[in-house]
Amino acid sequence: MAEFLTLSQAIETVRDGDTVAMEGFTHLIPYAAGHEVIRQGRKQLTLVRMTPDLIYDQLIGMGCAEKLVFSWGGNPGVGSLHRLREAVEKGWPNRLEVEEHSHAAMANAYEAGAANLPFAVLRGYKGVDLPKVNPTIRSVTCPYTGEVLATVPAIRPDVSIIHAQRADRAGNVLLEGIVGVQKEAVLAARRSVVTVEEVVDDLGPRSPNAIVLPSWTVTAISVVPGGAYPSYAHGYYKRANSFYQAWDPIARDRDTFLAWMREHVLERGPEDFASRLAKVA
Amino acid sequence: MAEFLTLSQAIETVRDGDTVAMEGFTHLIPYAAGHEVIRQGRKQLTLVRMTPDLIYDQLIGMGCAEKLVFSWGGNPGVGSLHRLREAVEKGWPNRLEVEEHSHAAMANAYEAGAANLPFAVLRGYKGVDLPKVNPTIRSVTCPYTGEVLATVPAIRPDVSIIHAQRADRAGNVLLEGIVGVQKEAVLAARRSVVTVEEVVDDLGPRSPNAIVLPSWTVTAISVVPGGAYPSYAHGYYKRANSFYQAWDPIARDRDTFLAWMREHVLERGPEDFASRLAKVA
Amino acid sequence: MTDQTPSTTYSATEIMTVTAARALSAEDVCFVGIGAPSAACNLARLTHAPGVTLIYESGTIDTKPQVLPLSIGDGELCETALTTVSVPEMFRYWLQGGRITVGFLGGAQIDRYANLNTTVVGDYDKPKVRLPGGGGAPEIATNCGEIFITMAMSPRAFVDKLPFITSFGHGTGAGSREALGVKTKGPTRVFTDLCVLEPHPDTKELQVVTLHPGVTRERVQEQCGWPVKFADDCSETPAPTAEELKILRDLHERTKLAHQGEA
Amino acid sequence: MTDQTPSTTYSATEIMTVTAARALSAEDVCFVGIGAPSAACNLARLTHAPGVTLIYESGTIDTKPQVLPLSIGDGELCETALTTVSVPEMFRYWLQGGRITVGFLGGAQIDRYANLNTTVVGDYDKPKVRLPGGGGAPEIATNCGEIFITMAMSPRAFVDKLPFITSFGHGTGAGSREALGVKTKGPTRVFTDLCVLEPHPDTKELQVVTLHPGVTRERVQEQCGWPVKFADDCSETPAPTAEELKILRDLHERTKLAHQGEA
């Protein structure tokens, strides 16, 4: 059964050297949890995420990661991730190993992880250069048609971290809207941390097919209102597009980046997210 | 885009010799459509269904099928399907070829069909006799771990037939409740027929993640209120359990079966289902 | 106050159901087969294990039916569930995903190593009796943490040799599961109308561990198609309590009334 | 009454977007990339192709945004969609499922066979510029019925040789797709700020099929990193109509206002 913990307690489930997936496809990105990982000074993480964006730029720039597994790394609608680029292009603050996939391959790899399969099969990677630089991309032959199909290993994180709309008091978690690969990421992981906007007595009237993670599939839940800011939570608050634009100049320079992180992350706590939100709503 | 047709027109999309999947996992079983297939006298069908129940008993007993692909064939909560048994055990009214799977394998095979893959991989069929009698059950070796996993060919029906709660005027179809493999069956098929309880101007307020088959994934829609009777439609009417019990003695004997089919199927039409329903509600 | 007095007036089916129910704990996540397993699982939920998570293969997760379903996909299961997923998701993410602690199965036939047959009696291609088939059982048997089986004893059901292995128990004895690379425990208990059997820790052959009150070893042997063994410390099954019987009978009564209404 | 008069006051980006939009029909099911493709697809929906089905890789199916999204997963896309599926389902059932008629891509670099690079400039292991990566593009490029590409011309974008092939176009020319067993058409049109290019029917090398009004062949060649070819029947791109420009500018204006509100 999921335990309700403070964010600081919950993030202690992340250990140095772990493979950690923080997912959220534009929507419901677990920013508050990512900041707590930075504050706790985790190192040598293998960070997994289809769309590493600002929170991964911050983790990489603060030296938490030694490897990145990803399929699209950018500041959506704005441009490059400067900390990610500097790590890859110049090895600052440390060399960052890269395992690069396509979205289809990563989505399938999470799906295979959730299904407890060792690999995923897809019609993909045809005619492209990624398999030349990523030796984990292999193939199998269909036992019926003889067709050769691409394979990728299943993703099985040590810890998956997501943000969701709400949990009930038993720890069942409801997700809705653009749900990305979050359910698969949690089900594929050994441990999981879910931050939520609120805890409710009852998840209430909902679709019989609502996307719910039962309490016993989740390790820890932390209540962090606004915890997805500057991304958004469907039904709660909108995306702070201006923050994504503001990030570009902050992240271009090592010193402005470090100063910003000190002021807004290292010297702050998760309770700040609710007030950031107040400015948005 | 889906065409709105009478049931009789819609079922003309089924041709002699086709592979046809009529799905519905206890819930939303397309009885009215199955009766129309019988009335139109289709022959030599390969019938696919995880849980062939009364409607497949009727199709088999009326000689529509030359092959059955299935994983559990019974009268749920009651016992045997006597027409299925007589076809398999005694070849009446014709010999029935059987391709038998487990539920997990068939669910995966539909899923692979919907995903346009030629085969599905599963951790299954270990230590059991089905692979000895079903040569379509094979294996692949994981390119990463060396583990040998079971495979089954994808299911790609010529026609899939399902029943759903409702469609909007554009032909988008909403399913909810126990949704089984119906979405996969439609997406895996070349053509599809959906019978619905009603057509509405707008699908209305619903979960952002509601299970909807867009109009352009469906070939034909027919409005048949009560079309799932004696199974049920979540939000519309309940299962007629007594019918399942009553079926047992009807189906035990060839003559009572044929008399019942003549009176209740051959000499009737889809409009009857609404009145059957009236007795239920 | 609840009545924990052992009762003396119960049927063989009732003690089978009650004994099976007692084996479940509130922490279990249980994949429920229809029929006897369903009654046992829901009795557990209504008595000592209110937190038990019941999952039916129709996709209903953490369901709390007020009446027993007649089929694996009754509306009651969906209406009282935490959520309902598609059948492919159920078999991929939930069963194969390794999230189920106990799979609860019945069957037409069982052998001494708790392998089950629900496929055919006689030759597969020319069967004497064509049974419904495996359904979810083949993968339930290997993907759940452990397997509980519940079925009434008879020489036609407890057989020396199965004509067909639909779901894998302990194969031909100790080491069979390991040889196939299966890491789950397989059948750990068999609840019948006469006794409870468990695999011998070394040989994996089923042996009687408790006899229901009033049942003799001879009676068990009469209903079993192989020379059945008894554990050294074979004891008596605790009788159902008055409270357990009341709750079970109320459940069946509610079920009967509810389903009568569904003409 | 709508104003179909050709306009003379439009930007290069505007004619690129309008020309791209015109290529979509109401019957298309279109997988939409962010940026220029998104503007073109929504302009098509708001003008001549109201029935066009737009799908974004975030899982939103048949979405009808009133303002352009800044990211592939803006709330607006979900709120105006027929339904929203998970990302694994999007890539498995919808893209790989073969249900998309047109994939609309942009890119950082393109070569004469319409292969695209969005991964790196320079060596992969020691890149001069690390670009965002492929995202959905590698599988969009082979699983959609055909591919439309839209990107502004420049010698750094239209290059003689790609340092990295992120998504497959026509490979090294005629027969390349067939050799890999790919049955879809691949890139059929490239919409730029100066002209429209299409693969030559025989060689599959891109050639200019229409020049935007006022654009010379020399200007196109200056912005292209290989000796670009022109179709025998190369003609002038019809200018955007006043109505198309009004709807496009209104869309951008609404978008600007909406996103301003989101501090």
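For clarity, chains are labelled A, B, C and D in written order, and residue numbers in each chain start from 1.
Simple rule for what comes next: a residue touches a chain if its C-beta (ideal position, glycine included) is under 8 Å from a C-beta of that chain, and two chains touch if they have at least 3 such contacts.
Chain-to-protein mapping (UniProt): A, B = Glutaconate CoA-transferase subunit A; C, D = Glutaconate CoA-transferase subunit B.
All values derive from a computational prediction rather than experimental measurement.
Q: Shared touching chains for chain A and chain C?
A: B
Q: Centre to centre, by mean C-alpha position, how many angstrom separate chain A and chain D?
A: Taking the mean C-alpha position of each chain, the two centres sit 28 Å apart.
Q: Just the number, please: Cα centre separation of chain B and chain D in whole Å.
A: 41
Q: CA centre of chain C versus CA centre of chain D: separation in Å?
A: Whole-Å distance between the two chain centres: 58.
Q: For chain B, jot down the residues that touch at least 2 other chains.
A: In chain B, 116-117, 122-123, 147, 177, 179, 184, 208-211, 234 touch at least two other chains.
Q: When you check chain C against every other chain, which residues touch at least two of them?
A: If we look for residues of chain C contacting two or more partner chains, we find 78-79, 84, 92, 96.
Q: Could you list each pair of chains that touch one another?
A: A-B, A-C, A-D, B-C, B-D
Q: Flag every residue of chain C that touches chain A in the complex, lowest number first.
A: Touch list, chain C to chain A: 29, 53, 61-62, 78-79, 81-85, 92-93, 96-99.
Q: For the complex, give me every residue of chain C touching chain B.
A: Residue positions touching the partner: 34, 57-60, 69-75, 77-79, 84, 86-88, 90-92, 95-96, 115, 119, 124-125, 127-139, 141-143, 164-168, 171, 176-177, 180-182, 259, 262-263.
Q: Give the list of chain A residues in touch with chain C in this complex.
A: Touching chain C: residues 114-117, 172, 184, 187, 208-212, 214, 216-217 of chain A.
Q: Under the stated contact criterion, what part of chain B meets chain C in this complex?
A: 25-27, 50-51, 70-74, 76-77, 80-81, 84-85, 88-89, 100, 102-105, 107-108, 110-111, 122-130, 133, 147, 177-181, 183-184, 232, 234, 238-242, 244, 279-280
Q: Enumerate the contact residues on chain B facing chain A in the complex.
A: So the residues of chain B in touch with chain A come to 116-119, 121-123, 136, 138-145, 147, 149, 151, 153, 176-177, 179, 206-211, 234.
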